[in-house]
């Protein structure tokens, strides 16, 4: 799709952000009664809620791994989360996202401690506006902590991209629709390892290096917000 | 399906024998209800309802489509309730099962049969183009009494819905035309006791369930009995009266929350 | 839907019935060779056949209840049973009806005698003309007896409704389409307990009481027809 | 799938060795057949067929639809056979399996390939509107030989079908145009014996099955072999002859039952 | 469908064949790396590839037969194998063909040696031009030998048919579309027993006898080609 | 899912520690690739690609259909990859699972996002009629690295596709308009070693996978990381370089095989 909108002008983006500026992020943990761990996250116009159940016996049985737990992330968009109503139920896009998020989260969890178990991470997108996979993964990291799942680190995600030749952080909706590249990643912030990486579009090697660097920095910023939300929860709990 | 251990069952029965409930409510008393509207900006209307810990989000989307051939001048409504695995360790992913189907059909009938949405005002071009109203209900946290929470969330969302006529280039936006809605109240029976607005524990112990939707005149607009157990005629009449009383209070709160 | 048809005039209904008059009902039991119990029922224009299998091991296994049998009623409409051909297979309506009938039948059966078992009640609607859930449940009650399933009582169903301000028994097709309320119920005739109850439409409290009373009386009348059909079968069998 | 105990298998084999069958029929003899028509008043045509204890109901519904693009002036026929759990403890609910698919395809081909329905007379408006004929076959009681019972029920229903032109406002009602139909006869082989119209016990013991549809001239119109076993060429020729003989008798009964 | 094409003239068919002449057949065995047995077959315009796996434990378990192996043939057409793209996945036609091929192959295999096992025969039609079920079954026979499955005989298939009153062998595409009868069969060539037989169309008893005879002869010719392909493979293997 | 015995895992790790691979390739070396085109005459374009023992057939079918409403002057492309049970003892029949979905989506994005097919040249009549391009990918023999084999087969098939305009009576046939395609190269990491074009054994041992599609200028056009493991930033940069180098060679072979 082509557009006449000017995405980048005078060093500013459509919504007034600088190239390396994130949208607003708000994280709250322990928001659900039934779930063993939960997190509500707003990231720009995105609203995501995550519930974690497990470790519990994986069913159906043939999905069990005798050596370790499986991570069963399920990314789902509410029918009313997008401009044109989405048919309920999984589609090919949501199943691919569920797969890459499951894989990224699995790296952070001590899976070998729970053979034959599943850790179920339900990611519900209530409102979507570019970047829901990063928002969902980031919220999932917090909900896993809230559920007391033993982890090496709290995975965190953020995207960089390219609009009109400029590498920028955390694409907004028009930038996602009309920009020329998107690079969502997830990292383990303690080690800097890359857990999730997808790229669509067109970047030179140099642009890619700049974008990867910027996305990693973005991940670290988001990681601090994650940790603050977790700390606040624990302080509140202790204060009770 | 979680099997409530018999010890829980006995505890609830013993409490009920003393006229008490787990959370100190009266038999005919709802848990606290909160209703927030306009929680989803992409939706034409939306609401988040909490009844105790139970939490439901309803969103309304509208689009232009074809009418049914047997009602060429009426809009169309479609209701879907999803019991997503987010809300309970017992809900599984996959196509809707009996429980979700009954829930969405009961909510749908409560709205459709009482003509809450004035579908005859949603015709754009007879036989060709009418408004389609999608009512999507997401259960977020399941601690009992989904019927009432889902129905209340759907009503609050509908009552704050704007018809996106401008977007579809068929005139100016206007509020969705709505009639006075009936309010649904659900009771369950266990060990001979009948209580309204069951918690999850009470639901899991329950032998029979009865949902009664009543309108502002105290008339009955829909009923649905569920589960293996039975009710006596007297129990049914008593449930109806309690439902009328609670329905009045809930209706007041609903009107207030949608600014009417 | 609105209609110009006069549903009630001079104390009579469209088909000439009085307000509290049932349509014709014909019940025959033991009509199938393979089924363990069976019943064929005509109720006005409705034609229903029911086959009972079980108690037998419930499959798939995860449906088994370790303490009692499950009742697995399956209400199904033949493609040719209605004016506009129905697509074969279950839809949302038939699955809801299957659920409420299963629940109502369960109350009458000594389920605790058959842990882990299922009792399968197949209700096939060959021709439909208002009131098929009552017809199906009533036929199911007879088929369960024919199958020798131990029961507290024989469940029986009947509906009342409201047409043009008048409470009437057992709505016919036009009455169902253009009437203002429908109240199908099922009872345990020995105790008068209500096993199934659904209501759609608009009734005042008084109208509801009148309708419930009328429906219960209707159930008792239908119950007599059930018992006669069962007795006739047994007399025939003894006479063989 | 019921596994016939080997004792039953041996018993049937022993009987067959003496030229006998369980129910005293000859090897080339059908069980009693009854054909009732117009059993479903909502259907455009219908029939209930019993072969022994096997019972099948077929109903014909018609509606107006679009023709296939490669035959713009022909009506459309659709056949569906359901093995509903009503009919047998071994039939499960759910989408049709191989057995039901083979059954409905064999019945469908028997009618389609012999052009029993004159589809070229079912065009209302070339390229736009043609009659669609739905043949729905319900197995009610399964005691063997579904192929012949289903096919016979479908034929009897078709032969008594009225095209509901009036209802669809495309002229006056008229009888569905039908050609002389072939009649299907099924035989099975077990332990070297070949018998026609197998009972359920015989079917469960059978190694091979052969269905032969023949017309009024004794010509062959369709065949279908099934199961793991084999036939010799001689056996096939013999089955054809027996099928022609029985087909004649069944055709007479069919014509009588539909009043022709 | 009617056609003005002359299918048979001056003793010759559209493509120049004589009435009892086969199309060209090419068989190659052992063409796949992963499969335990495999075969690639071209038969006129048909291109078929078959892979055999097993005997291995049949799953799901409820499909297991405690006394013998099950044969699980899966006939599948590639989306691009026909003029109008075919939707991927099984349809009713392919499921019927899978069933009759499974049954025919089962007769030739010593199934009783592998209780509870399945022998999976995957038949992939890459290009289709009349007669794919015969082509698929014939290739399956060779692939089963290549997989070392113990067999009584190598099943083989061929069709005869009728075009414009003339009985002919191995119908081509136009002959299949516009001819008046088709008779695909499979035999066990050692004993001459018929393993698969289907017939559509219209034949007199005499025509049928002629056609059956011709199809059986065709099967024997194809059987020789099968055996040659197998022998060549083994000679090559020995020569390695 | 086959579990590679730990002995195999250790063997591959030990080899890799010595800078070796099972089949004596370098870490940055592909297996031999063969590309045959026009292998399916019913298809508008087709190719069979082998990478080592892995074998994939892609076929292109085209038909005339409607455009999407948000791009009324563009053709439509649809990609489907099937992991048919033919190709591996581990592939099951049935609807596509996560693995097949990821494969076809990655192949699809590689073609779609780089605008390999010039969809804007596939409009026949704006808003009404456009060409639909179906890319169907059949995995025939699975010995590792499906992403690259599938993507290469799809490209070779597309580059030899003729638009069947004549057949659809919308003009004369012409070659499908195609831009320079990016080439996909996949690497995996196990025990700290990163190797390109993994064999099945290497894939089953791998902790992480990275696919990089690069174009003729060495620019990056698509990436996809998979599996539970991680990459360091340096590893990613190194994989990109190796992918650019191999991409160049494969592109040359691709062009040669399609006659350009």
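We just call them A, B, C, D, E and F in the order they show up, numbering each chain from 1.
Note that a residue touches a chain if its C-beta (ideal position, glycine included) is under 8 Å from a C-beta of that chain, and two chains touch if they have at least 3 such contacts.
In this text the structure is predicted, and so the values were computed from the model without any measurement.
Student: I need the common contact partners of chain C and chain F, sorted by label.
Tutor: Intersection of chain C and chain F contact lists gives nothing.
Student: Which option, B-C, D-E or E-F, should count as the same interface as A-B once over half of the contact pairs match?
Tutor: E-F
Student: Which one of the chains is farthest from chain E, going by Cα centres?
Tutor: Greatest centre separation from chain E goes to chain B.
Student: Which whole number of Å gives the spacing of the CA centres of chain D and chain F?
Tutor: That pair's centroid distance is 49 Å.
Student: At what distance in angstrom does the C-alpha mean of chain D lie from that of chain A?
Tutor: 58
Student: If you average the Cα atoms of chain C and of chain D to get two centres, how far apart are those centres in Å?
Tutor: 32
Student: Provide the C-alpha centroid distance between chain A and chain F, rounded to the nearest whole angstrom.
Tutor: Their C-alpha centroids are separated by 27 Å.
Student: For chain D, which residues are shared contacts with two or more other chains?
Tutor: none
Student: Give the residues of chain E touching no fewer than two other chains, as numbers and ranges.
Tutor: Answer for chain E, listing residues that touch two or more other chains: there are none.
Student: Considering only which chains touch which, label the overall pattern as line, ring, star, complete or other.
Tutor: Graph shape here is a ring: one loop, exactly two partners per chain.
Student: Ring order from chain D, via chain E next?
Tutor: D, E, F, A, B, C
Student: What part of chain A is in contact with chain F in the complex they form?
Tutor: 1, 92-93, 95-96, 98-100, 103, 106-107, 183, 188, 191-205, 208-209, 212, 216
Student: Flag every residue of chain C that touches chain D in the complex, lowest number first.
Tutor: 32-35, 45, 47, 49-51, 53, 56, 74, 76, 78-85, 88-90, 120, 122, 124, 126-129
Student: Using the touch definition from the top, list the residues of chain F that touch chain E in their complex.
Tutor: Its residues touching chain E are 39-43, 46, 53, 55, 57, 59-61, 63, 80, 82, 84-89, 93, 95, 134, 136, 138, 140-143.
Student: Contact residues on chain D for chain E in the complex?
Tutor: Residues in contact with chain E: 70-71, 98, 101-102, 104-105, 109, 113-114, 210, 215, 217-233, 236-237, 240, 244.
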